[in-house]
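Same chain, two partners: chain A is paired with chain B first, then with chain C.
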Partner chain A sequence: MAALLLFISVSKKCVKCKEAPAALVIRAGDAYCRLCFKDFFVHKFKAVLGKNRIIFPGEKVLLAVSGGPSSCSMLRQVQEGLSQKANKKLRFVPGIAYIDEGAAIGQSVEERQRTVAELQAVFQATGFPFYILPLEQVLDLPASVVATNPSPSEQPASAYKAAVGHFVETDGSNNFPTPQEPKKMLLPHVQESHTLQQLLGSVKTLTAREELLNTLRQHLLVHTARTEGYSKLMLGDSCTRLAVKLLTSISLGRGAQLAQDTGFSDSRYGDIILVRPMRDYSAKEIAYYNHLFTVPSVVIPSVDTKTVDKASIQRLTESFVTKLQADFPSTVSTIYRLQLHTCFMHISTLNILGTCVLQVFSASCPSLTVKPSTCVTQDQREAAECMYEMVRSRALRPMSAVSVQPGYCCG
Partner chain B sequence: MPVQCSSCSEKRAVLKRPKTGHSLCKECFFWTFEEEIHQTIVSAKLFKPGESVGIAASGGKDSTVLAHVMKVLNERYNYGLELMLLSVDEGITGYRDDSLETVKRNQQQYELPLKIVSYEELYGWTMDAIVKQVGLKNNCTFCGVFRRQALDRGAIMLKVGKICTGHNADDVAETVLMNVLRGDIARLRRCTAISTDSENEGVVPRCKPLKYAYEKEIVLYAYFKKLDYFSTECIYSPNAYRGYARTYLKDLESVRPSSIMDVIHSGENLSVREGVKMPVQGTCSRCGYISSQKLCKACVLLEGLNRGLPKLGIGKHHRFHDKILSQQPLTEEEERKLKAVDF
Partner chain C sequence: MSSPLRGDGGAELLFNGVKKHPVTLPSQSEPWDMKQLLVWIQRNLLKERPELFVQGDSVRPGILVLINDADWELMGELDYQLQDQDNVVFISTLHGG
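Presenting the complex of A and B:
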């Protein structure tokens, strides 16, 4: 009997096709063979886009690729979905954006060039147009980045269907851009790198620095999308990542913004809509997919690499969620499911709070020795955040800590 | 160099407030702490003049500080409240009997009337007897559900219009995190409310005046005021899952002390999408207490205890409610599943 049981467990069949031997187990009991796993994975990507009907046929979509496993997996999904042999083809026009944050973590020019070269090879292989943006560019952004541009008029539900029909008729396949010559990344000026490092250095805690970096990154992406004529920005946040982000948001007091911060789409910028199509994949699924189907990804250190758990709230939350997930395998999905029940309070309701901290305090930010324009390009959130840190570091005494905390202002 | 009090700049500071980072001397700390609770009470309009209020007193630090501060503020600001102490005796030997002694001393010190209701008189079961039947797992479910109702029943006996409990900011933040980890959107929405709805007849509204007071500051307040309180963990509560939320919160606090307030703020501002199903409040068809089901949790748990099937009330067994109501026996198969696990 025991031998029989052993035999069954060794030669476990795929739960889907019930023929091929299983190659991996995703959740307890769900054993998939290689091919069924691929179908499952690919289907999920198309299903999430099909269900939400946010990306219209022929639309230009900018993929934010960091080089990590999740965004590289997303890139592969788009590639596969657009290939001629795919059934239920994706119908949008992709471009790739990569932000080189080497300056933020103090990498040398050589190190940065090496990483960029590695990614350039990956991007070139896709044939999509790509933009390699050093984070320093964020210093030159116009103040209008933070503005909410009017969104193209509200589309009725039937518009999507009509657009698809039109697209199929006109055979949109020739809309695709011809692969262009890759632009050489303009190396940032040493002075600019220095300014960026000074800006990040003026923020005292790693928690605030990560938040600041996050927003700078987002602004650069949104700006690039706007100037290059893209209307959607695809982010590669996985379910695991979003669960961590959700709990971090709660711990930072950003409960009201949680729905937009972690939801499928974020329309706060108006004309550019952020989309998170990888939100149904766990980090484990992505890791297996990348491994089985040799999706290349690049290891890039970030500001919290090689730090202790308590270095920042983001770092602490990440280790808390991953440890709990090991003991209770439903942790990530349970946390993430909460997001589906929340919604965004409209900015108009939040604005009752009055003028944002940004306008009130940016003039009194002497410790930020950067151009005032960069202070303005920071979203209200960061201003509040950096203000908060400054209040602490310079021992200014606010009436109550609550009034200057991040997350207490709009958007 | 000794740090001076940042408020009066005269005396030496005795502590640094985790909430704001201010260094304060003893007197300024007492004043700030009490004043903040006063602001909480006034801005949330917790009490009406002339109302009689029951203070849920366990003898622990939170409820002792609550009783003390309520008495002080009632006199200082002429709330005109008639304060009473209300205790629940769960029947835990070696824990509750000792803490009740503390409550009795507090009664003398604060000169407030005291009412003790016991599980034994209300339900016919002490916690000791319950633990003997169900073991150390899930026993907190019984205790928690019974206490909630016992407080209400005690309040009705005392004829008070309101109960205030000693839940502090750490407790509320911990509950927010717990409900996030459990994905319980209905409770998440309710748990940050400072006061329960007072619309329901037969239920005494409860409120948390210490909602914005840090646990640390409560302990320091009790310490500096030399209040008489009882500090021992309940002998029956290993309480595994809440422990995770607790550890995480304490870690958060050590990274950024204001994060406790941030978590509460998040919980308060979470807006729930329309169309999310929320439980509807009704009444228990056996005892008349509020319940979202046909039978309230306390009645189901009690039925389980009396039938010798302690697992009846653990988890969701709504399908048995009709059988319980009509006094029908359960099938053997069902009984087998609901029996206590033998060790």
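Presenting the complex of A and C:
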């Protein structure tokens, strides 16, 4: 009896190895298997640091870890990178800073202690020195923290090479941090928590409150880096996060800061350089990596975790970007790539997304002659929604030529 | 029919802080699909603000759905027919820092 054997495979194959079944769709059409995804994820981290050559061998780098998925994933990448064989090894000296914002979101002392204990266990396991900082500490900082310290010296490419050479000669392994006694977090005085809450409470809108929190957080991190002798501050902002930040900045009318807010490195504080090695990762990639490779992260409710989308511009933008990402997976990386030069932003965006976005962006562009559209200036919330609708309806037929139609989106 | 259901990365805030839900679905003549599961979750597990989890008849954008550790986009999304012992994970990617 003749037999007919059919091997039917309906599952999609990985685009990289073309063998294993795909497990994750990163962008439309790019489906990776688990192994290839891991390689891709880990490689990207080292590649971005290697390409930018901004972190010197042996340099002290403070990792800002919020306990959220992205910064916890960053911490894992640093751990992995330091444990590699010599030629592929990351060669800086890390420390961890965590800011306990419990007071800002009205957590009780017990809740704060519980979160801190959870994170402490994660940090201790890394063997890196770590600092647990109640946000209240920012109240004690001198105003000068906010000011820009002069950069010690410009560091040209030759300085990088010299540092590498020196590092190799002196055997970099000695520079590895010795595990420290964990620093006990001193819980802030109740009075200080009150002062902080009053400060935040004095700000009317959720939008402004999130902005203020952001500023306070940043200052405390920069201050800690300075006093503890770190010269780089590594932030865990993902690509999705940065796209949200970028559009939020635009909505808040802060075009001038855009490149600094979202770039790979940010030298606004002079002696302390901010770096964002996670900016090439989408929130989805991070969530998947963390799930698959059991990267612990802690759910910390934020000011807005359960609030409605329209409660603040940040929230609104987040939901906008997320919607975009779901509909057109390549859009988010497009948005964030635009930050390279503010002036090119509107043009690139126009090419991909359409006129309305041009108008929204052009409102924050100082060198543009096109009048800002009514979109941004009238009602920022509606503008964001309007922007989404426009992008959605137009992305189906991408525009390749520049055509300006002022006021189109708002009718 | 049972299927462990998990919420990672903030999704558990929506499920009253419970991270793992071993779920036994009532038997029905047709196999359960994801679409029906979402309706069931909404009726039985979501304590507050279901709009943060569902939108229309699917999940809200920003919630990653994994079926047996694979992206549900590769599994037919809402049309996927659940098997006994399937592992379904919902991960919120919103507010990640």
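Simple rule for what comes next: the second predicted complex is superposed on the first by the 326 of 411 C-alpha atoms of A that agree within 3 Å, B and C clash if a C-alpha of one lies under 4 Å from a C-alpha of the other, contacts with A are read in each partner's own complex, and residues count from 1 in each chain.
The rule is short, and it goes like this: a residue touches a chain if its C-beta (ideal position, glycine included) is under 8 Å from a C-beta of that chain, and two chains touch if they have at least 3 such contacts.
Just so it is clear, the model here is predicted, and its values are computed rather than measured.
When the two structures are aligned on the shared chain, A:V93 is found in touch with neither chain B nor chain C. Using the contact criterion defined above for the overlaid structures, shared-chain residue A:L135 touches neither chain B nor chain C, since it reaches no partner. In the superposition on chain A, A:L220 makes contact with neither chain B nor chain C. In the superposition on chain A, contact is made by A:G68 with chain C only, not with chain B. With both structures placed on the common chain, the touch criterion links A:T205 to chain B but leaves chain C unconnected. In the superposed model, A:Y288 lies in contact with chain C only, and not with chain B.
Overlap of the chain B and chain C contact sets on chain A: empty, with no shared residue.
Listing the residues of chain B that touch chain A in their complex gives 6, 19-22, 176-177, 180-183, 185, 188, 244, 248, 251-252, 254-256, 258-259, 261-263, 265-274, 276. Contact residues on chain C toward chain A in their complex (touch as defined above): 8-10, 12-13, 48-49, 52, 61-62, 64, 66, 69-71, 73-74, 89, 91-97.
Those residues of chain A lying in contact with chain C across their complex are 11-12, 21-25, 31, 34, 66, 68-71, 236-238, 240-241, 283-284, 286-288, 290-292, 297, 299, 301-302, 304-306, 318-319, 322-323, 325-327. On the side of chain A, the complex with chain B involves touching residues 205, 207, 246-247, 249-256, 258-259, 309-310, 312-313, 316-317, 320, 324, 331, 334-335, 337-338, 340-345, 392, 397-398, 400-402, 405, 407-408.
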